[in-house]
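There are two complexes below, and they share chain A, which is joined by chain B in the first and by chain C in the second.
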Partner chain A sequence: MTDWTKQKQERARRLEAAAPFVSGKVVEPGNVTALLKSVICSEDRVCLEGDNQKQADFLAECLTQVDPADVHDLHIVQSGLVLSEHLDLFRLGIARKLDFSYSGPQSAAIARALDQGKIELGAIHTYIELFARYFVDLTPNVSLIAAVSADRNGNLYTGPNTEDTPTIVEATAYKNGIVIAQVNKIVDEVPRTDIPGDQVDFVVEAPRPFYVEPLFTRDPGAVTETQILMAMIALKGIYAEYRPRRLNHGIGFATAAIELLLPTYGEQLGLRGEVATHWALNPHPTLIPAIESGWVQQIHCFGSEVGMDRYMSARPDVYFIGHDGTLRSNRLLCQNAGLYACDMFIGSTLQIDLAGNSSTVTPDRIAGFGGAPNMGSDAHGRRHISDAWLKAGREAAGSDGPLVRGRKLVVQMVETFGEGMKPAFVEELDSIALARKLGMPLAPVMIFGDDVTHIVTEEGIANLLLCRDADEVEQAIRGVAGYTPVGLARDRAKVEELRARGVIRRPEDLGIDLLQADRNLLAARSVRDLVTWSDGLYAPPSKFRNW
Partner chain B sequence: MEKFTIQAQAKEPLGGERSEAVTGVVASGNLEILFERNKDSLVVTVEVMTASHGYKPVWDAVIRDFVERVSPGGMHISIHDNGARPDTVLLRLMQGARLMEAQS
Partner chain C sequence: MTDWTKQKQERARRLEAAAPFVSGKVVEPGNVTALLKSVICSEDRVCLEGDNQKQADFLAECLTQVDPADVHDLHIVQSGLVLSEHLDLFRLGIARKLDFSYSGPQSAAIARALDQGKIELGAIHTYIELFARYFVDLTPNVSLIAAVSADRNGNLYTGPNTEDTPTIVEATAYKNGIVIAQVNKIVDEVPRTDIPGDQVDFVVEAPRPFYVEPLFTRDPGAVTETQILMAMIALKGIYAEYRPRRLNHGIGFATAAIELLLPTYGEQLGLRGEVATHWALNPHPTLIPAIESGWVQQIHCFGSEVGMDRYMSARPDVYFIGHDGTLRSNRLLCQNAGLYACDMFIGSTLQIDLAGNSSTVTPDRIAGFGGAPNMGSDAHGRRHISDAWLKAGREAAGSDGPLVRGRKLVVQMVETFGEGMKPAFVEELDSIALARKLGMPLAPVMIFGDDVTHIVTEEGIANLLLCRDADEVEQAIRGVAGYTPVGLARDRAKVEELRARGVIRRPEDLGIDLLQADRNLLAARSVRDLVTWSDGLYAPPSKFRNW
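So, the complex of A and B:
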């Protein structure tokens, strides 16, 4: 007779082993390490909630304290691997295998651990790709998550940083896994129920609030005139041409400059209400002036941002706000929105090669992907139309074929030289060299060239939709690569021919007045200006306060 | 500090009447460029004082593009680059030429 309930029995066994360390669902902080030892078995798949922003840091610290003789060879499956404790698990031998999406501050440590054989890497995923695998073959046995508050029945209030939690819990709880939440406070009644208590096994009031990193705050004071020029080029050459209403912006300074130019240069171009009305976007403080100027109708967020909560609560017509009055974010749903419901992704990168492939991997650093490959790719399953999507599709098709399907606009903005005069345009991506060195079968490419529609630099726009072969793509890219070695090696006659066809457009071709490329064009020139625009509702983190 | 002069021949004299203009502010960590007009000449003279050594070929390319795009005949241009990137230099040159062309 086949036993069809092995997982259920195993769950019951673990819950029984946990009994000495808990009181109902509540665990004292001092008992957490013993609890983890009793419910986690060697070789389990464990999600130690590390999102783009919020971190189950107390549970992470407790997990590093279990004896590797008792618990070892864990398979870590989580989107963000950003705390030093996450790496400690591998260093100590508690964990061995890793599937993740994003590493940010630990990108150098991950590359080192891979090189030393401390980590057996499954894959570097995009967010929704990893979440998809939670429901197919990477389902967690145990998930250690973070929330703002819990009641004694395990109902959780995540606060504005809901992020990955509902997805993690769904996959774990409905497959007989065990869910443990660290919360900032145990309360009698949660302000709203983001996660129902019957999906949560244990809660612990952590000794300190969970850590959240401000990731999307760009100081307008640091925006350069080159970035302003690039933003003008993008607004006139792409926003005004294609009129994308639904879009996602990356988190770099180039797109922050666009946000700060909407109420000034965008207004001059008559674009208000015509472009950028609906967004899948993190709560960028630099979008405040455009919101306050009536540009934006609606924004759905992947997560929250430090300092933005009160502002967003006061703008419920724009943001998704719970009945309790605070933001509800959701990374899975917002990533899906970015993939299927947006006409344009525009963001920065670090390196672009001659085929338009781009990567943020530098020698000895594996930062992962996060969501950019989903935002920055054409969704072949899309079946609804928009003017922007159809126009891009027609440009790509040229005169070919009676059945033209649309294209998502995928725009890469990059200054030809990065920090320390490092050229952004290269013959070979550093990620390809790194993949060779580490023996990775797939080089970590952020956005493949065949998904990229436009590259914007301070020299102009290369429209790859209008290129008809690989040689044209290469010369179009060289033609905006400025004074980098790749740019200097351009075929000047070919580049002029591409310019005559509108494949390459310079600021003067677009009628841009370079004297306008001045910091006075920014709707806000400092973080303090953003606070003023927000009516005092935006509360910037202290490291951005310089007054 | 490296110092050199680049000369080029423009097709047309730069329009406008202004005799001089300055773009950029060294104090703000940016480069400073002084434009002076030498009437009745098509020669463009660029004097460069640069903090970074070994970039002469890049400067040649920047000045060549500038002369091609703007035709700044008769300009005597002094650049104190303060370590600026070539794209910033070109942007400032183009902005300076626009200032010289403006009706004063």
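So, the complex of A and C:
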């Protein structure tokens, strides 16, 4: 007779083992390591939240203090691997296997740990791909999460950084897993219930508020004139041509420049209300001038951003704000919005090859993909139309008709030479060498060339939709690759032919006045300007304050 | 000075207008129509839940009783348009515009209403595509939802049919919209909190429990020997070849036959534990024998299914079950799992053209797509590998290497002649005629040919991955189209060449014994057999009981 309740019994056993260390659902900070030892077993799948912003850092620290003789070979399944404690788990032998999405500051340490055999890599996912697997074959046994406050029944207020939490908790709690939350404060009543208490087993008031990384703040003072030129090229050559209303921006300076040009150059082009009205976007401070100038109707956010909370609370017509008056973000829902409801994704990358494949991986840095491969991919399941989407699809097909689908605009912006004058265009991506070294059957590519529609550099736009074969793609890319070796090796006659066909468009072809590409064109030229635009509501983190 | 709180003020105004008809959050059934009139304004976007199973039918009925002079031109945004009341809203002039996903029983009525100009059609979406737009440009102003029970603070227990509810409520409540729930019972304490009360404005105890359609129950007694043969072909030619462990099945009899053959023919093929271990799936009763035979490790569900609740509650190691002991389903999460975490989608269709495009639309029936275009599409954002996925991708590319992505297996099963001996294979899809008639720029295609990897008929398998051009696709399709006009017009020499290359495989090529294609091969031959397999836990709806 099969026993179909093993997970439930195991859960009951662990909760009983936890009893000496808890009082109801509340745990004292000093008891957390003992609690973790009692509810986590070797080889468990553990999610140690781990978003790209909010971090359950106190629980991470406590988990590193568990004796590896007691708890070892954990399988870490979480979107962000960004704290040194996350790496410590592998170094100490507490964890062995890893499935994740984004590493950021730990990208070099992950590369080293992989090299040393300290980490057995499952896969590098996009966020919602990992979340998808939470419900299929990577369901967490234990999740350690972070929230702003909890009541004694375990009801959680996640605050503006809701991010991954509802998804993690749903996967864990409804599969007889165990959920432990660190909170900044245990209160009598939470301002709103982001996570119902019956999905939460234990809460601990951490000795300090959870850590949040300001990932999406770009100082307008650091935007260069080259980036301004690229932003003008994108606005005139892509925004004005396709008129995408619903979109996502990546986090680089090039897209920050676009945001800062909307109220100036965008206004000159007559685009207000015609493009970029609805967003799936993190709360980029550089979008404040466009919001204040009436460009933006609605924004749904993946997470929050340090310093933006008061501004967003004061703009509930634009942002998703709870009845308590603070932002509600949700990474899964916003990534899904980016996949299925947006006409354009535009972002930066580090390397592009001759087929348009791009990557942010280098042999000594494994940064993860975050959301880019998801947002930057054409959703074949999309069935609603928009003018922007249909125009892109018809350009790709070279025809129209009732069976010609649209295409998502996937735009990669890149300066021909990156940091340290490293060419952005390469014959072979570094990630291929990495795949060889690690024996990966598929190289970690951020966006595959067949999904890229346009590449924008300071030399112009390559419209890959209009290319009819791989050779044309290669020459279109070489044709905007400037003085890099890839650019210098162009077939000049073919590039001129592509230019005559509008596949390549230079600033002069677009009627862009290069003299206008000046910092005076930015709606805000400093973080302080952003504060002024926000009517004093934006409170930048101290590292961005120089006044 | 811009007012950024218009939505919040409008919400407050409406709540005040509602005050005479409510007592706290509780509304008497007799007051609901007056309440709706006070909180819904003409041209509002309204979600009248409306999933493919659970229906807020009492609220639908009340909404039809609002005077169209007071409330008109509503924009209905909901996944399922399945009740006659949903159509009445358009007939009466209360609603005008429609964005939806699935119609089912109302497919003929929708076609007529479109024809008569009673409905202005936005788009037919997949479920998660519509949910995506809830957060971007189709955010509901008012949502009318259904749950099993509520307490007086508005905390909701949705029960096993959670389905769309959390997604609808999050989009509405966090954008200053209004949420009204009909519940079967108002109780002192809900068994678990599926929706926190601070996201719910009003609850009403409906005069009768909400309606649920048993959509996913297929009577084993109605499975034909042709369907058994097709299931054998699929198991030996696809499951055994690619070994997909994570998958979704559509709702037709052909896939029900596969489910019923797992413990018999699948066992003969030695596939237990090797394929179909993890599922994104509705609670198909026909999967019970495979579950009981130890084939299935885990299933996440879009919704529930009438009669399956007690069985699932007793199998918490397999299903996602709350601490209260009942199923938690979630359509968004499960569709995302189907998109990003599954190696295979296999389902039926009505019509297939020479390029492999398929549709369930006919000129007088607009059935909607449901989840098929999403589950049946290759997710370009997927970055984790599996053997099944890589094998499919390499077949498509004709090569491997670090830049060769995998492919999702998208299998369409169809008998060459459908109901009323209508050929399933056609030169042109009926949906193209419909698109012309309605002036749609894109025909309503369920799955586009470029996403289809295999077509299975009783004549064999066409492996489109191995086809190198459009002509080969056409001949591969003709080669399994049997005695339909499309099949008869095959190029016999080319079809034999494709067969020699393994692009087409006949039952005899697969070593399938046609004599085995017998109803005795079914693990259950009746609904009663399913009840027996379930140890009496499955309680089929009365229309499926004949004993």
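Remarks
Throughout what follows, the second predicted complex is superposed on the first by the 543 of 547 C-alpha atoms of A that agree within 3 Å, B and C clash if a C-alpha of one lies under 4 Å from a C-alpha of the other, contacts with A are read in each partner's own complex, and residues count from 1 in each chain.
Basically, contacts are C-beta pairs under 8 Å (C-beta built on N, C-alpha and C of every residue); 3 or more make two chains touch, one makes a residue touch a chain.
Source: prediction; values computed, not measured.
Contact comparison for chain A: of chain B and chain C, C touches the greater number of residues. When the two complexes are overlaid on their common chain A, residue A:Gly482 makes contact with chain B while staying clear of chain C.
In the superposed model, A:Gly122 lies in contact with chain C only, and not with chain B. After overlaying the two complexes on the shared chain, residue contacts for A:Asp513 are found with chain B alone; chain C is out of touch.
After overlaying the two complexes on the shared chain, residue contacts for A:Lys236 are found with neither chain B nor chain C.
Shared-chain residue A:Arg505: touches no atom of chain B or chain C.
Of the two partner chains, chain C is the only one touched by A:Asn176; chain B is not.
Within the superposed three-chain model, A:Thr226 lies in touch with chain B and out of touch with chain C [touch as defined at top].
In the overlay built on the shared chain, the residue A:Glu459 is in contact with chain B alone; chain C does not reach it.
Of all residues in chain B, those touching chain A in their complex are 52, 58, 61-62, 69, 85-88, 91, 94-95, 98-99.
Interface residues of chain C facing chain A in the complex, by the touch rule stated above, are 2-8, 99, 122-126, 128-129, 131-133, 135-137, 139, 155, 167, 170, 173-176, 192-194, 196-198, 245-246, 278-280, 292, 294, 298, 300, 314-318, 320-324, 328, 330, 332-334, 336-337, 339-342, 355, 357, 369, 373-385, 390, 400, 402-406, 431-432, 435-436, 440-445, 448, 450-451.
Those residues of chain A whose C-beta lies close enough to touch chain B in the complex are 224-226, 229, 415-417, 421, 457-459, 482-483, 488, 506, 508, 513-515, 517.
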